[in-house]
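Below you'll find a set of structures to go through.
What follows is chain A paired twice: with chain B in the first complex and chain C in the second.
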Partner chain A sequence: MSKILYIVGSILLLHAGYSSFEFHQLLKTTHHSSTDSGLPSDIIIEVLVGIVVLVAGSLSSIEIPNFLSVDNEVIHPDHKYLKPIEMSKATAEFEKLKINPFAELETRIEFIDIVNKRKEYAKWSGQEVEEK
Partner chain B sequence: MTLLKTKLLKIAKSGVFQDFTPQQLSETREEILSLGTDGLTTVEVYTLLELQFYISLLTNHDVEAKACLDRLVDQFDTEKSQRIKLLQSLYLEAVAGDEKKATDILCRDPDEMNLSRRLTSFSRKRANGSESFINNLIFYLDLNPSDLKSWGELGSQYSKVGNYEKSVYCYKEILLREPFAYNIFYLVGLEYYHWFLQADLNNNNKDKKDKVLEAVELLSQARNHFLRSIEISESYKKGWEGVYAVSNVKEFNDRIGGKWGQVKEVKKFLADGDKLRELSKSKIESI
Partner chain C sequence: MSKETIYYGPNADENKKKLSKVQDVTSLALGVGAGILAPEPVYGFLFYVIGYTVSNIAFYITCCEGLQGRAGQFYKSPVKEIFVDNLLHNIPEYIMMWCLVYALVK
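And then the complex of A and B:
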């Protein structure tokens, strides 16, 4: 959708620019000054419409992207553009992701028992556990 | 590729890989290796390198861990970075098994509080591990009372030794600074529930009114904290499971309902439990 708006907006602005060029060429050949009459209103309106369409296109391109959960499941956000204002609903995304913003208070990597964790992995993978 | 990068960065930041199963660790390591460094910013590259260090250390890929550590040491000032010193200490502890060298790195400067925090954990290996670890954490928290992770660890250690009252206190300290940490509300609820089970088990005179009211109060506190966790995040499954557990203690409910069912507090507790049981059950099924 946003791409279509970008294209339409750009075409409108280019067309308005070319129309303005042609208008000034016409004034030159008829020896009129552009300050006498100014740009025709249809060109001004075309420029304004083109800008509005471009802005709409850029706003609609701001979408919340999909994300990957810890279990490699692609999660599509429930809301396309903005998160819900209500916190209880906004946090639903973290539960789908299986990582919440307060997870580090629970995981506490600085206190990891690295030796035991390595033993657990070695046991699982069938490696020899070297006692030090 | 962007999806994978975002996922790995989130894993690195949150530290959830610590609770990964060996299978998950192995898969995560392969994902990091498959990602490469194309299109990553410098910060992302070094964040993922740190994650790779941890994962390779946990999966016993010591050479790979050393290579990651060397790259980090080359890039950053090891004398100033506590984060790098922590990684060096972990490597020495895990691979070389040299506890003395590992602690020496952590002891160099008493002002480096993050390293002092790690230093407390070495007491776990002593004969009276838990007690010694708890004393060290208390000493550390006296010096640095705003360290939320240490409060969390202290709460966890108190829970392991069955001192649920103090565990609740520690987790509540976190909530003072992080009032929306719904996972911590769940932990507080869980500790209240464990406290109730312990009190009920130790209560020989099960028909005494003040003991019954005390148990009801503990269960109510547990339920309220579980409810607060799902108030903040309505799709938090653990919170709903907690609510279901405290509203479904059949033996206790039958026991107090028979003799003390007309006492105001007990009556309210049982009525609330009936309402919450069905609601929590349906929510758990839907999530």
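And then the complex of A and C:
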């Protein structure tokens, strides 16, 4: 959507620019000074519409796309354009996605308690066996 | 003792980048517009300030959900960051496009 708006806005501004160029050339050939007569109102309107379309394109280009969580579910973001900056709200979004931005730090080898992890695994696998 | 709010840096940076992207596009588009319309210098700067503020209001209402009072969720001081901080920062882009397009059109 944003690309279409960018293209339309650029075309409008290009067209308005060329029209303005032709208008000034015409004034030069007819020996009028450009300060006497302003630009035709259609060029002015075209420029203003072009600017509005370009700004709308830039606003729609920052939209956040939907996420795909670890469980293969499509998750819609809470806010369409920006992300909350408060730590509690930001981490709530990560929990929804079931990812942890600090996983890289928390799972460094030096910080892993291997003995404890093995105990946990033994307990877990034991339960699995019992369930079966 | 007041409770201190803890911010998540990467999201704050991302929001700032998005804001500056919108403001960059706005100031370039306004520069092209000013080059085509060829206003007097004083009106040119007035055109910039008005156009820039209008686009910031659009950003504040649509992206920050400012009418629902949620702008504080996305920026530490929303009004200052959106409307004031980058006003002078984007003037060179505006003047560059203004001069370029003016020279092409005239």
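Rule of thumb we're sticking to: the second predicted complex is superposed on the first by the 72 of 132 C-alpha atoms of A that agree within 3 Å, B and C clash if a C-alpha of one lies under 4 Å from a C-alpha of the other, contacts with A are read in each partner's own complex, and residues count from 1 in each chain.
Here, a contact is a pair of C-beta atoms (placed from the backbone, for glycine too) under 8 Å apart; a residue touches a chain by one contact, two chains touch by 3 or more.
What you see is a predicted model, and the numbers here were worked out from it, not measured in a lab.
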First, second, both or neither for A:51, with chain B first and chain C second: second
Partner chain(s) touched by A:16 [first = chain B, second = chain C, both, neither]: second
First (chain B), second (chain C), both or neither touched by A:103: first
Partner chain in contact with A:87 - chain B first, chain C second, else both or neither: both
Shared chain A surface residues [contacts with chain B and with chain C]: 87-89, 91
Footprint of chain B on chain A - complex, ascending: 65-70, 72, 74, 87-89, 91-92, 94-100, 102-115, 117-118, 120-122, 124-125, 127, 132
Complex contact set, residues of chain A against chain C: 9, 13, 16-17, 20-21, 24, 34, 39, 43-44, 47-48, 50-51, 54-55, 57-59, 61-62, 79-91, 101
Touching residues on chain B, where the partner in the complex is chain A: 2-4, 6-7, 10-11, 13-16, 18-19, 21-26, 54, 57-60, 86, 90, 93-94, 96-97, 114, 117-118, 121, 124, 148-149, 152-153, 174, 178, 180-184, 187, 230-237
Contact set on chain C toward chain A in their complex: 5-8, 10-12, 14-15, 18, 21-22, 25-26, 29-30, 32-33, 35-38, 51, 55, 58-59, 62-65, 70, 73-76, 101, 104-106
